[in-house]
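Next come two complexes built around chain A: one with chain B, the other with chain C.
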Partner chain A sequence: MSDTPDQLLDNLNALATGLFLLTAFGIVAMRQARGVLNLFILQSLLLAASAALLGFRHHSEHLYGVALVNLISKPIIVPWLLRKTASAEIYTRREVDQVLNIPTALLIALGLAILSCFLGQPLLNAVAPEFRGPNVPMGIAGLLIGAFTLSVRREALPLLIGLLVMENGAFLAGISISRNLPLLVELAIATDGLIIVFISGVLIRAVQKQIGTTAVGELAGLKEVTVEPAEKEETK
Partner chain B sequence: MSVIIVLLLPLVAAALVCIPFKKYWASGVTVVSSLATLILAARVAWLVSDGNSVTADLSVGWLKWVAVDGLSALILLLIAFVAATAAIFSVGYMAHGNLQPGKLRLYYINYNLFVFSMLAIPVLAEPTLVWMVVELTTLCSALLVSFENTREALEAAWKYVVLSLMGAGMALFGFLVLFAAMQASGSDDDYTWTNLIAAAPAMPPVLLQTAFLLILIGLGTKVGLVPMHTWLPDAHSQAPSPVCALLSGIETTSILYVILRLFPVMQAAPNSHAETWALVLGLISVGAAAFLLLQVKDYKRMFAFSTVEHMGIILTAVGLGASVAGYGAMQQIVSHCVTKSFCFFAAGTVLLAVETRQIASVRGLILQAPIAGAALVFGGLAIAGAPPMAVFLSEFSILKAGLTQKHYVATGLLAIFIVIAFFGVMLHVNRMVFGAPDSSGDASSPQRKNGSTLQRFNASTLPFSCRLALILAAVPVLVLGFYIPQPLHNLLTQAAAALTR
Partner chain C sequence: MLNHILFNLIQVLVVMAFAPLASGVTTRLKEMIQSKRGPGIFQPYRDLWKLFHKDEIVSEDSSWIFRFTPYIVFVTPIFVTLLIPVLTNYPLFFAFMGDMLGAGFILALGGFFATLAAIDTANPYGPVGASRTRMVGFLAEPVFMIVFFTVSFVAGSTIPYIVQEKWVTPLANFFLPSHVLLVLAFLMLILAEGGRIPVDNPTGHFELAMIDESRFLEYSGRGFALMKWGGQMKFFVLMIVFLNVLLTPWGLAGDQTLSAVLLAIPFVLFKIFCFLLVLVVIESSLSKLRLFRIAEFLGAAFITSVAAMIMQVFLP
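Moving on to the complex of A and B:
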């Protein structure tokens, strides 16, 4: 169906980014914490694939670097770090009561994906033709859907994954328009992602120990109007 | 070279702190290293203010990403100053809690790493690396916010991490778009702040504006601009007081510095509206914070809201015209840093004395704990902008610049909000310090407990290091109100010049 290898590569890249968006939808819809993590791993693999394909297409070693860094850090080190820091219990959690039910959440995610096509278009018009591709709108969609996940989830692990999906989205869009970032930067950003996971894992464990739940979204004690009841009791 | 040593010192200190040794080993190492950092940073700032380059010999390999100009040197000096006073304050403050030695070590490890990540912000010249250290500041300070391990502290830390990193995700995309814009302009130079300014006129405006907005909103979350400020009062009130001083006094400012770096780039683009965005967001922040200040119930939250207000003032000043109000904005950065860190030291002293954060439970402080009361009054007056103090001078110069620019509406609103914030702060401080102990009917039972606490913990038991930190932090608050030394004036002028092309 394609006459030149370049077109084939472009089509494959389009497939990878399309699947990337699909995994983002999956993360919105999935209730099981374990499943969310697996989808995130799949998404990171697709990001690495897209980077490698673009790297091959445009003969850029930097993009190979991005692919390699993503391949190692997210699918392998992130789950390992999570198991080390937070307990295994977060994997088994299942969110029964979400803020929005699944169809509504998916519809909003779909709306965000369509919106991102409009948002990406002016950016694409401004860059050179060889930079144009499906990566920018799909990446923006990942960014927006990640932010949306953050606002509707209550459970710790899906929230953390939402953050990482935002980062993946920023990357997916970023690699297609701004190539030749120094490798140092790639490494630094990947390290940062791991530190995010580490710190959040430690926090999740502390929350679990102190409060006995990982539904961090339900923490809402800090407000302006009410005097904290715990402190009042103490002072009696 | 001293720039590199400034960066290495906190890392070395963090490593040394790990060694379990005598009781005061960890705090001692931290104080010594942060004082050394302060001296070196002052030297760097001195050299830069004289017009010397301190990074000329660093052009090899990865060190080429390090660059210090007037604006960087100013921020570097302020970070080092607040880190040093907060380290001194920590000695007594943290010893008070009778913590496990391991827990205390953890505090100082995180403290030093946090200071390192902040010091790296101004000296790095590569925007994506700067983004990385900005994210590191969030991560290093998250465990400091949750340090007290209460339900509220954990909630605050979690909110802080999630919202800041959400902003960071947007900012990352912004920085990548900015890089794309630089490549689209045909420039093959390294991606640094200076090269960005040079390449700006040829960049596609749409990329530049998208990048600016993404970064403004993304990093604005971490600066605490309204409406992305919701995590700030939580995190800045739940952390231990010396950490609050770092978070509120200097972390917000150093993130704002990254946003300010974009203004000279944006001035090259036609119809960029960067200054309008800054003006609008800044005024919204000042206004919302001024009204929120009136209804706070917790005095540490009060100072946190005042940080939102001050960030808004700085951004408004830049929006009024970086070329005219730039000097005032820089002055405001300096006065905010020194004053806000003092305020949180004062709040920490009050907390040590009364052991409650509720404004309603604290009355007649001046009689019961004179040092804490006096410090709170001084801090409240200073941060609200009463005359002979530093904040008054800088706010005055911003308002003056606004009037000369004929931004009458914006300047008028700014002045009104500042006055409202003044009343908000002084209302609470006045009640806490001078209010009659029995006037608050609903808080009669906490009052008795506070009375007994105060007898146990009167002013004479305030640790020496806390008093020293209070005095050290108070000196610039007062002195900068009527006298700006010549080197600092040069530095401020250079920093203001860095805001324009």
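Moving on to the complex of A and C:
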């Protein structure tokens, strides 16, 4: 095979991971619950694209399988499940608030991305040269930024999406290290993710129905004084 | 040598002649999307003609800065034109006098004087607009720096004529993540620097909401015409840098002949027309941000440019 198509595929794969990082930043910064969900769908599509490109590059059917599983489970089934279970949380609330202001959160996320480049370096040295793409550092960055989203967001849906971003990051790193990840494992992980989404969706719905909001940050105001749910609805 | 001076002159003339046309085309396209019946695409020329023939009124309390500024605002984009590839892909007479950072600083000089002039008159809206422009300016500055330095890191040079080759040879380099992310960051920067819609509304006439326009409120007659023409040329130059250096360095003259250079003009205008189509779609589908959300918009541009830097510098 000539050199140029491989280079093109490598560059396209690198582009997918770069945009993956950008969507992770977007999920940290986005104000609307709906926007967070859309960015997550975009991120999952980029993950599937990266898996497909790597599969084409290394002639591996397993990676095509990963791409297909990702393409079906995350961009299609996850939003559908969330719409069925927690649509009030996504479609009626416009703005979600954060612990930190947005520029600060973005700068910390940026620091995490740079850190993950250094964390990924020893791992990259351990694998074969043809797998030394940007997938591993960007996957670790996705993992860290997802964890950061979990700590910085105050409401249920962005928290859930933060969890899924962590999973996406782990996938992105995983597909580049080995070309023969058994499909069974992929399917198991994907099903696991869907069940997490389903259970959280039901939980969000229940909490929303009981209390009227899922703003976890307001729990801080509950110290030593009990707030009746009815009162809380009045103040909202 | 004489050839190169002539080509440089042609470049300057192209920028001077077609900058108002680009502005007119943008307005017309926007009107078509909003299904309005507005003025034709040559209206900016008629405006400039009219303003040049009107009397100029200068406030008694203003200093020399107010009178001097229109000339600086008019001349700085022309200086930048000498440094960047407008029509040719080989360096011309002044190409090595300054690099992209130099071009950025020359453009900033015009903005600086426009700000001073706005404060110089005692008009209450001038300083408000001036301070807002400064806010946008200093938030945009780090993005400019990182975009330029990443580009220079890739090309090993800060001269735009050398940079433009690197992204398309081989063609696979066009899809490098650092290239695409830099293009995104620079697009956001153009929207902010040109005072386009997510940051500022160029057609707004409400003084309290103005950012860029309120600096020109006190000008009339010839001074206003020069300021207006200079602003149009600045935006044209930014588009040229974006298209000819970063995004699509094709269609420029490769031969040292007059015909090749003249043939490049329609190509460049076509590229600019395509860019204006995208710009109009962006402007029509977004709404103007609140003032303190601009920091977040430019923060996003900053993050994008730094992501490009990470992809380029830290990864093999």
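The rule we apply is simple: the second predicted complex is superposed on the first by the 204 of 236 C-alpha atoms of A that agree within 3 Å, B and C clash if a C-alpha of one lies under 4 Å from a C-alpha of the other, contacts with A are read in each partner's own complex, and residues count from 1 in each chain.
The rule is simple: a residue touches a chain if its C-beta (ideal position, glycine included) is under 8 Å from a C-beta of that chain, and two chains touch if they have at least 3 such contacts.
Predicted, not measured: the structure shown is a model, and the values here were computed from it.
**Student:** Examine A:Gly18 and indicate which partner it touches, taking first as chain B and second as chain C; both and neither are also allowed.
**Tutor:** second
**Student:** Which of the two partners, first being chain B and second being chain C, lies in contact with A:Ala188: first, second, both, or neither?
**Tutor:** Touch status of A:Ala188: first partner only.
**Student:** On the A-aligned overlay, A:Ala215 touches which partner chain: chain B = first, chain C = second, or both, or neither?
**Tutor:** Neither partner.
**Student:** Can A:Leu71 be said to touch chain B (first), chain C (second), both, or neither?
**Tutor:** In the superposed model, A:Leu71 contacts neither chain B nor chain C.
**Student:** Just checking: does A:Cys117 make contact with chain B only, chain C only, both, or neither of them? Give me first, second, both or neither.
**Tutor:** It touches chain C, and chain B stays clear.
**Student:** Could you figure out whether chain B or chain C reaches more residues of chain A?
**Tutor:** Per-residue touch count on chain A favours B.
**Student:** Would you sort A:Thr4 into first (chain B), second (chain C), both or neither based on which partner it touches?
**Tutor:** second
**Student:** Can A:Leu106 be said to touch chain B (first), chain C (second), both, or neither?
**Tutor:** A:Leu106 sits against chain C, while chain B stays out of touch.
**Student:** After lining up the shared chain so the two structures overlap, which partner does A:Leu42 touch, if you call chain B first and chain C second: first, second, both or neither?
**Tutor:** So A:Leu42 meets neither chain B nor chain C here.
**Student:** Would you tell me the residues on chain A in contact with chain B in one complex that are also in contact with chain C in the other?
**Tutor:** On chain A, the chain B and chain C contacts do not overlap at all.
**Student:** Using the touch definition from the top, list the residues of chain A that touch chain B in their complex.
**Tutor:** Touch list, chain A to chain B: 122-123, 125-128, 131, 139-140, 143, 146-147, 150, 159, 163, 166-167, 169-171, 173-174, 177-182, 184-185, 188-189, 191-192, 195-196, 199-200, 202-203, 206-207, 210-211, 216, 219-222, 224-225, 227-228, 230-232, 235-236.
**Student:** Under the definition above, what is the set of chain A residues touching chain C in their complex?
**Tutor:** Residue positions touching the partner: 4, 7-8, 11-12, 14-15, 17-19, 21-22, 25-26, 29, 102-103, 106, 109-110, 113-114, 117-118, 124, 132, 134, 137.
**Student:** What part of chain B is in contact with chain A in the complex they form?
**Tutor:** Listed in rising order, the residues of chain B that touch chain A are 62, 65, 126, 128-129, 132, 135-136, 139, 142-143, 146, 149-152, 154-159, 161-162, 165-166, 169-170, 172-173, 176-177, 179-181, 183-184, 191, 204, 206-207, 210, 233-234, 238, 292, 295-297, 301, 356-358, 360-361, 445-446, 449.
**Student:** If you look only at chain C, which of its residues touch chain A in the complex?
**Tutor:** 170-173, 175-178, 180-181, 295-296, 299-300, 303-304, 306-308, 310-311, 314-316
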